[in-house]
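Input: structures, listed below.
Shared between the two complexes below is chain A, which has chain B as its partner in the first and chain C in the second.
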Partner chain A sequence: MSVEPFFVWLEASPLGVFMKDLPATFATVEAVHLMALAVLGGTVFATDLRLMNVILRDVPSNTVSEQSYKWFKGALIVLLITGFMMLAGVATKCYGNPYYWTKMYALAAGIVFAMAIKQPLLKQDHATLKPATRYLVALASISIWFLVAASGRWIGFSG
Partner chain B sequence: MSIREKVAITTAAAIILVTVIYWASEIKAVADVLKQAYG
Partner chain C sequence: MLNKLLLDFAQWMDAQPWSSSLHESFYLFNWLETTHVMTLMLSLGMLVVIDLRMLGWIMPTVPASKIADRLFVPMIIGFSIMVITGVWLFTAIPIRYTQSIWFRIKLILLFAAFINAVLFHRHLKASAGSWDTAPKPPKRTRTAAALSLSLWAGVVICGRFIAYDWYDCGKDGNSAFINWAAGCIAELPAE
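Up next, the complex of A and B:
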């Protein structure tokens, strides 16, 4: 079953028209999207570089990940809302763009990894985790979110 | 090592492998374009 009709419908919907036809609307929403991405990236780097023992060594790793995760969830919600609004304005263009789909698959993998794998693991005392586990989980997290950000920017320069 | 830790290691390794393969293919595509233009 193709999802193309949904993309066509979305672009023609009132939200799609609102995003496409009003001057500066897309740019304003994109600015909020990028700011939320910066917050999300900040929380990812803070948690992951602390797990790797690169930054914030004087703060317990558990504290950094607990505090960061609250902001991570908030930033993710803003990203999903603003991302959907931006998609509405250029839905048919995105449908045919391979980098859009790369971003969506990477985003899905990033959310599942962060919420179902990484966060449950980091709830326990980090001292009980092997250093290699901490390093590998942090590296995977940075890799997947970097792919989400890079492919997201790539959408604008392709198709 | 707990099962949760083993699952995390396996998933993390898979993610790193897939992203490395993805970027390698993208870099190869860029290299092919450059080779065609200047090679």
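Up next, the complex of A and C:
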């Protein structure tokens, strides 16, 4: 079954119409999306670079990751809401855009990785984790969010 | 007068082969822009964590000056990449950016954010001893952090708006104020 009808419906929905109504609507939602990206990036870099022993070496790694995770979740929610709003404005274009699908698969992987793998692991005392484990988890996390953000930017270049 | 000088400079730059070749290079230009946008995650990301600590909203058990000090270097690395890619992007389309109202507001906000950061840094050095370990810093510190976040939000908004042609010089319906603020002298060639 194709999901294309959903994209057609979404673009014609009141939300899709709202996003196209004024040129500044889309641009403003984009800007909020970018601000939330900065917050998400800050928490990801703080947590992951700490896990890699690059920054904040004299602050307990558990403290950094616990405190960052709250803001990570908040930023992710804002990104998902604003992202969905932007999708509504250009849904049929996105449907045929390979970068859009790359981003969606990477995003799904990123959310599963962050919530089902990384977060349970980081609930333990980080001192008991192997250095290689900490390093690889951090590297995977940075790489996946890089892919999500970069493929997201490229949706706009190829439309 | 100043607008004329800026435009002359932009027109000179626009005539250089390295300007046109960057503008015409699909991959180099778009990867520069991608790098510029994505480095937000490091530069503004670190700044947000520092400011949130100054607001008392993150890592309250860690001294504020420690967060500011330890995240300063990664933040500066991020901002350096932003400046390099930003200037480089400017060289591709100098005439349009020079006469863009959003670009101009962005530069003013950047300057204001820089001044705020310098004053804040001084304030931190002079007084942090008395509130460094407080989970919630004093009001003056929180105000400076809120101002910093607001200014940077403005920078992001203007940065994103530069891409839109709503007020490009020569567009029908621009008010006299827009033409003045954007410093419109030359109309833009059609892309």
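Just so we're on the same page, the second predicted complex is superposed on the first by the 158 of 159 C-alpha atoms of A that agree within 3 Å, B and C clash if a C-alpha of one lies under 4 Å from a C-alpha of the other, contacts with A are read in each partner's own complex, and residues count from 1 in each chain.
By our rule, a contact is a pair of C-beta atoms (placed from the backbone, for glycine too) under 8 Å apart; a residue touches a chain by one contact, two chains touch by 3 or more.
What you see is a predicted model; the values in this text were computed from it and never measured.
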Self-check item: Dominant contact partner of chain A by residue count, chain C or chain B
Solution: C
Quiz item: Does the superposition put A:Met35 against chain B (first), chain C (second), both, or neither?
Solution: second
Exercise. Please work out whether A:Trp145 is in contact with chain B alone, chain C alone, both, or neither, and reply first, second, both or neither.
Key: second
Quiz item: Regarding the shared-chain residue A:Ala114, is it in contact with chain B (first), chain C (second), both, or neither?
Solution: neither
Quiz item: A:Arg153 contacts which: chain B (first), chain C (second), both, neither?
Solution: second
Quiz item: Which partner does A:Ser68 reach: the first (chain B), the second (chain C), both, or neither?
Solution: second
Practice problem: Starting from the residues of chain A touching chain B, keep only those that also touch chain C in the other complex, and list them. | Solution: 146
Practice problem: Name, in rising order, each residue of chain A that touches chain C in their complex. | Solution: 23-24, 27-28, 30-31, 34-35, 37-46, 49, 54-59, 63-64, 67-68, 70-71, 145-146, 149-150, 153-154, 157
Practice problem: Please name which positions on chain B make contact with chain A in the complex. | Solution: 1, 4-5, 7-9, 11-13, 15-16, 19-20, 22-23
Quiz item: Which bits of chain A are touching chain B when the two form their complex?
Solution: 102, 109, 113, 117-118, 120-121, 124, 129-130, 132-133, 136-137, 139-141, 143-144, 146-147
Practice problem: In the complex, go through chain C and note every residue touching chain A. | Solution: 26, 30, 33-34, 37-38, 40-42, 44-49, 52, 58-59, 61-62, 66-67, 70-71, 73-74, 152-153, 156-157, 159-161, 163-164, 166
